[in-house]
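Per-chain numbering from 1; labels A, B and C assigned in written order.
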């Protein structure tokens, strides 16, 4: 095997900026590159995106390979795969990381077959082994452990990670690095995909749980899709949003946009309340950074309690209605207190 | 297209996988791969959506639906169900040497099977599986075949001999148009998969609609498949080290427990 | 082009499988369609099968039929809240020859019989519910599941069970009225085989069947039953749904009280309750029967109301199997006579008589009305037990003659001598 060097991150440009997940990966890849003692390179196919290359360098890239072509303005699978493959064979990187956006997964999936190498999806952590391999860490099937994935004999070692798994890096304007313009030989067939339409969706629909400060999340323990209504009432009394673990999504009870976990979203709310959720590692991966965690479950041995700040062991069908009752009572009481505090001017307020 | 067969319409291949039903999965401690025995199974739900999409396309444009799967012989159950739902015939690539395959040999094997079926216009897959969730196999097949792909489609149609797919991506619905043959992966939950019919079940019972292929039948060497042919391996499995938390658990009856909880959260200034 | 068979049997219970097996043997191409995931999954009964039809249907049935226990002990018991008065008949001849009966579990038995039909050439399809009959010009042409999911056949045999919708859709019968229907309920209590054998004084393969009257049904019209399986007890009740509605009682509450009776508790001690099921039981025998044959259609089993409940016998599975065989034979005769017309299929009624299905039902036609006599379920059991207590409690006071005791007790219960006499006569006649 020829000597492979260098950590690469695929940089996804969209509507004039780099996707957050690409920047988050730069932050993590920088750490890995330092540990490995090698360079970090961003790969940026696009059109009129040189300023984004600068941002990538400020966030931690030592250099950026810029491939510009008007036909690369919007992502399509074949030309982007061609770019990555051509550069791979030119430079022999040891690692390529992708943000697991829809396009990132579209690209990584096609590329790994085209260049015959391994791709570990949805990693929650990276490390470097003693031998210098990339240690790609993700929750294991079974919900109680972490698997360490290695790609020992194939290069490059490729992996993806989802939004918010890694923090946003700080931009350092003083950082310097080179922007290298690369050209790739395309064929007509690379551009046989036409984008004929685009309809933006209401952003709040898909980002509902990403930004919420309080999340009330339901799991398989709810037993029935209609019981999510209880969660909604509870959440709205707290001023929060409803989320879900994986099983209710797989069973079709709630849309995928609400899924928190390794294969859903990673969230960092101020308060995360897990109702009827057992606490499989895949789920914890998506919410363990919440400031405060509350668990409600009738199984005292549920793993979720090990990560909770507060917990109630009990039947959620008794606990939730009780919580709703008490919150309503508290609100009513707080409301009743107002007239006293809002006494009109010039008049003494109560005795 | 299928003009040469004297029939109008397109030949669609739907790749399906049999997965444990939406419940606890278990890993075999020796091979560190998924345990598949003794748990009730179903067709991977996104693959059901893909099959439903294929059935709708055949209703509209005519043609043939072939289902393909890779796995142990127990996967025949899913191929039978797919045919009972309306697919025309099925192929199972089954071989001990395929055990432990990651997405590279899986995509390769399915690609070889698709080529052996021949004259395929459209390959449909679910966007990902509920057990492994990588989403790599659909695009991987397209990468091996060097044909166009459209992923995460909630709607697919044929327009002037080209395939149009509406992709559901983060900020909206993006419609792509590509020539055939191509691979399309289907958004989980975008349609209601139909039930098997009595007529379909009778066709299955009459037999002869499912063929088994070995890896050798597809010209695959043992070194290209299974654990040996997989670039990635699970090097080890750790128990999780969880960050330590306060861990104040209330076991009193609901009214008291809730009251104590809300009080604590207010004191922490997390709720109003 | 729709799929086509000579005959389609709807329902793979005992009636349906018997029909399919008979038809397949007579070289009909047969489709046997079951709505459950497996035959027997959705089926329930008290617990005992009279084996006589099996000797013709599956002559070597004793080789591999999933028999729980062969019944060698028959009992009848009257109950009040805390006492029981019983009559037990123990004889090896009960299990001999064509009179043999055995306890069984439906999931196993129905699957076994359906497999026999498959082995004979019937195609068994499970997990599909037939929605309607496919009809044209007043003839039944096949079955209909959905607009583009139909299968054609010259003959459809409806063997769907007590809650058959197809019989109604075929215009062959009116809806079940409350008078015509009872509710059957059953619990399975697991016990080790040795415990069962000890408590009921049974050998390793032997079984007991008991019928309970009186408090078992809380005085409502009906009866309780207990059957011993290999490693469990089937305990349950059949009660008039009209009486339940009138007294505003839930059948599971009646069952619980029955199970908690001290005499029953002694038999169940240490057991684990593992299953509960409830089902409609058509009553009234011959008087409620639907029209049995039409152009291209026959009705068999519970769908035709082929059940007998005369207070000391519960029979259904044997009549179902016999009617399935009769349906197969009638189809064969009709085919020879030129087609599946209602006229040719009248051979069905003849065949039912030949197999003693209709004959037995008619003979017991009086029983259901007799069993509507409320005194049988509360007054007489109490009377008998009070009588027994008087006879068996010797406390030093003056003893009186048995006849005097009887008349005194009857009087105390508010039953006139005449009513008592009439009940005795009617009972004797209808049994």
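Here is the rule we go by: contacts are C-beta pairs under 8 Å (C-beta built on N, C-alpha and C of every residue); 3 or more make two chains touch, one makes a residue touch a chain.
Owing to the predicted nature of the structure, the values given are computational and were not obtained by experimental measurement.
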Chain pair bearing the highest count of C-beta contacts: A-B
Per-chain CA centroid nearest to the all-protein CA mean: B
Chain centre separation in whole Å, for chain C relative to chain B (CA means): 47
Whole-Å gap between the CA centroids of chain A and chain C: 61
Distance from chain B to chain A - Cα centre to Cα centre, in angstrom: 22
Residue list for chain C, restricted to those that touch at least two other chains: none
List of chain B residues in touch with chain A within their complex: 22-27, 32, 34, 45, 102-104, 107-108, 128, 130-144, 146, 148-152, 164, 166-179, 188-189, 230-240, 242-243, 245-251, 253-255, 257-259, 261-262, 264-265, 268, 270-272
Residues of chain A defined as touching chain B within the complex: 14-15, 76-78, 81, 101-103, 105-114, 116-122, 135-136, 140-154, 192-201, 203, 206, 214, 238-239, 247, 250-252, 255-256, 263, 270-271, 281, 284, 288, 291-294, 300, 305-315, 318-319, 322-323, 326-327, 330
Interfacial residue positions of chain C with respect to chain B in the complex: 2-3, 31, 33, 123, 125, 127-128, 130, 143, 145-146, 148-151
Parts of chain B lying in touch with chain C, wherever the complex brings them together: 196-199, 201-203, 205
